[in-house]
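Each of the next two complexes has subunit A plus one more chain, namely subunit B in the first and subunit C in the second.
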Partner chain A sequence: MGLPGFYLRRAYSLFRGEVLVLPSRVAVFIFALGVLLLPLFSQDPYLLRILIFTSIFAILAASWDLLSGFTGQMNFGHALFFGVAAYCTALLNLRLDLPPWISIPLGALGAVLAGLIIGIPCLRLRGTYLALTTLAFPIILMGVIFAIPDITGGELGLSGIDRLSGSRLTDYYITSVLMLGLGFIMWKITDSKTGIILHAIREDEVAVRSSGINTTRYKLLAFCLSGFFAGIAGGLYAHIMRTAGPSTLEVALSFQIVIWAVFGGIVSIYGPIAGVFILFPLLEFLRIMPKIRMLVFAFIVLVTLLYMPQGLIPWLRDKIEKECPRCKIRNVTTRKTCRICTAELD
Partner chain B sequence: MIQNIIINGLINGSIYALLAIGFSLIFGVARIVNIAHTAFYMLAAYFIYVGFHYLGMSPYISMPLSVLAVGLLSIICYKIFIQPIREHEAAVLIATIALAMVIQEALLIAFGGHYLGVPPLVSGYATIAGVKVTYQHFLALSVAVLALFGVWILLMKTKLGLALRSTAQDREVANLMGMNEARVAMVTMGISVMMAGIAGAVVVPLYVLDPHMWMHPLIMMLAIVVLGGLGSIKGSFVGAYIMAFAEVLVVFLIPMGAFLKGSVALSIMILVLLIRPEGLFGVAFEEER
Partner chain C sequence: MKKSIFGWSVLMAVCFVMTIGSLAWGADDIKIGVIGPMQFTQGEGHWNGATLAAEEINKKGGIQVGNTWLPIKLVKVDSNEFLSVPDATNAMELAISRHKVNFLIGGFRTEAVLVMQDIAMDNKKIFIGCGAAHPKLCSRVKENYDRYKYWFRVTPINSRYLVKVDFILLGMVAKIMAMELKIPKIKVAIVAEKAVWCDPIVGIAQKNLPKMGMEVVGVWRPSPVATDVTAELSAIQSSGAHIIFTSFSSSVGITFAKQWGELQVPAAAVGINVEAQKDGFWAATGGKGNYTLTINTYARVRITDVTIAFFDKYSKRFKGAPNYTAGTYEAVYVLADAIEKADSLDPDKIVKAMEKTKRLGTAGTLVFDKTHDVTWGPGFVTAVGTQWQNGANKCVWPLNWQNITYEGAVPYVIPPWVVAHYKK
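Entry: the complex of A and B
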């Protein structure tokens, strides 16, 4: 046996202790496995294409949750990051002939810069003011894009960008692995000390500041992090679509992100991802009745919200898990005592 | 040119003021960010179109009727979709977005994406300082100003207005003083949407109708409300004219202005917010209890 056996056993016990104890984590694990193994069962190009876009938008919705859900900085112009990154990636790829694996991270850095630029004026605003102000930025940029068609391609956008990779299957694996990886990183960020500070800023900013934490720096950090992840989604989108047009900055896209995230359940990272994985394919499926598909879509969202106003995934999670009243650790509903502190569960 | 700027600025400003004051009211009283506000404005315009083209109603009858109809419809929507989830702010927000999408899609199915129009109520034009100004523009302007005056009377001189303003100031205390907060919110929803309906009725003969016409006013309205200070009626009024004139000036004076009009107006808003984060007339919001 030796060393590999030791690591295997170690990995298994870690897996049992961290994943198998909670049904929600098991569900996430099965979901990840399902995403990775799907091409074994079906390689239908249409299905793969839908799932590629679903993965991209899942990154986008999760990055919105990082900023707006966790830090409480309501961003109504999240399409800005997406669009800036898509245009940056497209320009880098077209003008400088950079391959996708350089142009996407650089495009995402462009989005980080955008996050800094809009973050600084937005630091003084809160709540609804912030939400309505951030809505303005993508529209301002869109006006600029229309006004300088020589650089940005105007209404038609930039086209002729390189493919992400040679085949659709590779595209699928790149986007879905990135989605799972970045989703995990975002979840880890929210679980870290920084994440706790971000969470505290949402709950009570004055209290955080009075504990000696520079909230300005953390809010800017949240803008940049969220911008980076959204930017990666934007860069991927540009390389998959092979065009970057003004549609990446539309108000409708910003609203769509909010719908996905709130439908899935904010302040959870996996909620928005699940929201996209339910709503985006649903919208595609509704193509069987093309005329009324948006109507049906909007109605489904409205009615779901009536019954689960905190979002679909938190609603489901509360059905199968409960929180320990003493140490706030989540447990399966079937347990009588908490798995960490053995307190009675009610 | 200057006359054009003034006339268009005044009309757009009045329409924006009607929209923004309604939005401001419902936000101030019930803390609802009603994204569907301009969708109702569009709906009123379409009702008038239907009344004119399909039912053969005179515009003088169909306009008040459609304003009432959207008001009633908004109260029904509020009762069914928004009231049950009032305490979840994010859910209310996307419920109103979804509502706006429902209205847009319903109109798209019913009328298609075509541009539609209603002929002007009055024909003819006057020549002022060498520029033709149609009587329809004058009528629109006067109706909008009258409506604004009516709202001012309602808010400042009636008992209902007092209830609205006090609920906006402090919801809990107003409730303790015997005002039914839930009913005040419902009535406010009706009133604010009816103001949007009046704005819709005013623009019907001037603009073309299409199912996406709610987007631009929505953005301008949100910008105006932030510029003027959330919940401040005076701020919305002043902000509306500032934004409208900024837009019209850009369109008339700068080449490629039609593309940049939104950008410039919104940049003005952001510049003002950099100096005064609570908007022009807003009071710095205290922590919500």
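Entry: the complex of A and C
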């Protein structure tokens, strides 16, 4: 077998040790596989379009979770990052003729800059005050956009942007692979030392500061990281829609992001992604009852959150997995002892 | 067991063939997707206008293509474009790829229509705009004809001409007031809701009114959803304005008209007031909106031979006067005429036929210009000015304008309290 065999065996043992041990990870694996293999079964343009938007908004919702869920910096104006990146991407593509693979990351850097600009004045604020201040920023930016229509296109926005790629299928693969990849990176960030510090800041900032950690720097980092991922989503959106308009900064979009994330379950990254993958196609499906579409949608969200206040995915996860009381590692519910420390689980 | 499996297989195969077959049977009609914000009055107008036209055409047997008569089948597509632009584009894709519509009519919010237009052009589907007024939608045809030639606009006239009509109405009222009330120099108060679309109108008014021999006494920008504008009205009264030049598209139009009538502010209200275009305006203002003048698309006057018949039929069927998105009525007829002239369902041939359209429509003679936009001007579509006069929304313009008077149009009436104030 030689070297390839060695790596294959290694990959399999990694897969068995890291993925197959927990049902939630198996579910994520099946989901990723399903997303990648779906075009083998259907290439319906409408279905692919819905899933392209779903992937874009999934990145956006997960990026909100990184900032507001993990770090506790309640951001009610997350559309700002999305809109800034959409406009930057559009301008770079239209004015400098940059292709999408350059304009999107540069647009995302624009969103990082926006993260810095709003992060610095917001660092002194907490809770409701922070939420209300962040809510104001997209509204302020919208005012700026209307004030300089020669650059921003005013109420029409910028149109005529290049396509992301030549075909719907390629668009689908670019967005879905990016969604899976960026989702994984965000999850790894939250699982890293930095992630633990971000989590700790949310729980007790004073305690973190007393441990000698510069929380200001970490909170700013959270704003920038969240802005970057949201910016990638904004850039993708601009190239898919071929337009970047004021709707990318609307308050309604900011709230939609919160609804998706809270529905799926915050402080998990995959919760908001699942939230978008359930709610966005659901809203499309509800076109079969146009008159009460929004009502039914709101009812489903309300009932779910009434019975599952932590969100749908954590609720499901808690049904199939339990946490070890000693080492806090998750185990499948059928186990009697922890898979790591062998402590009794019940 | 084997027999039952065989039986089920045959049944499934028959179902499959019938399903496929039913798609083929679907080709025996012409599917027109009516796309708009269906939960709002604009979308209702889209659907109602198209329904009326489709029923009339189907009653005559449908559209003749070769030796076959094909009935029109309308597909209602809710774009939800006021609330979500992606929703609107998904709806467009749904109409094209799932409902397999042959043609599309409708659209309202320009930002959404621009994207919807691109999707239609990608699929080479003829898309007739019946709601968005921005010139950019049509300038794209000029910039890239081969791609955007499938786009046409039937209603409204583009925003440049809407503004032009707006100023014509203002000029008309100013002239009447100057003559009848012997006012040497008309003073104008500009009142526009705090919305982006009003900004250029305010700018143009401030620049042009002095050139028109009028004096601007001030600019007031209430919220589009203001429920009290008495402060603004009191200030306007103090400013000595003779005319209030309005630009309202939202509910503030009702608040303003109602309080203007209640306070009997001695200044005539003229301009754009979308709420005053609706039948419910009289009841909503409790009759206090009497004498409000607004730009409009339809009025019960003889714009052409077919206008009054259409207006009455629409009002009777849908319990209200048509708004401008009901121009889908014209769009369906334009399409039907072009299909018959092209004698084909090939979009390229239909586009060529549509470009030659000269139709005596309900809002005027419909001719497309080189950008596939509806032509504005005397002898074409002009729009109308309507004034509420004792419970009826009457056409007051065009009346002897460029030798045009629509039969049924009545003279503009200066509000009696304004007359009383200046004739003291």
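The rule we apply is simple: the second predicted complex is superposed on the first by the 346 of 346 C-alpha atoms of A that agree within 3 Å, B and C clash if a C-alpha of one lies under 4 Å from a C-alpha of the other, contacts with A are read in each partner's own complex, and residues count from 1 in each chain.
We take it that contacts are C-beta pairs under 8 Å (C-beta built on N, C-alpha and C of every residue); 3 or more make two chains touch, one makes a residue touch a chain.
All values reported here derive from a predicted model rather than from experimental measurement.
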| item | value |
| --- | --- |
| Clash or fit (per the criteria above) of subunit B with subunit C on subunit A | clash |
| First (subunit B), second (subunit C), both or neither touched by A:246 | second |
| Touching partner for A:146 - first (subunit B), second (subunit C), both, neither | both |
| Which superposed partner A:17 touches (first subunit B, second subunit C, both, neither) | neither |
| First, second, both or neither for A:34, with subunit B first and subunit C second | neither |
| Residues of subunit A touched, compared between subunit B and subunit C (which is higher) | B |
| Subunit B versus subunit C as contact partner of A:325, first or second or both or neither | neither |
| First (subunit B), second (subunit C), both or neither touched by A:291 | both |
| Which superposed partner A:50 touches (first subunit B, second subunit C, both, neither) | second |
| From 169-177, 205-213 or 277-285, the subunit B stretch with C-alpha clashes against subunit C | 205-213 |
| Touching both subunit B and subunit C, residues of subunit A | 146, 291 |
| Subunit B residues touching subunit A - in the complex, by the definition given at the top | 27, 33, 35, 81, 84-85, 87-88, 90-91, 93-95, 97-99, 101-102, 104-106, 108-109, 215, 218-219, 222-223, 225-226, 230, 256, 259-264, 266-267, 269-270, 273-274, 277-279, 285, 287 |
| Residues on subunit A engaged by subunit C in the complex (per definition of touch) | 44-46, 49-50, 53, 146, 154-157, 159, 241-243, 245-247, 252, 283-284, 287, 290-291, 293 |
| Partner subunit A, residues of subunit C touching it in the complex | 38-39, 76, 78, 83-87, 89-91, 93-94, 96-98, 110-112, 114-115, 118, 134, 136, 196-197, 199 |
| Residues on subunit A engaged by subunit B in the complex (per definition of touch) | 121, 124-129, 131-133, 135-136, 139-144, 146-147, 206, 251, 255, 258-259, 262-263, 266, 291-292, 294-295, 297-299, 301-302, 305-306, 309-311 |
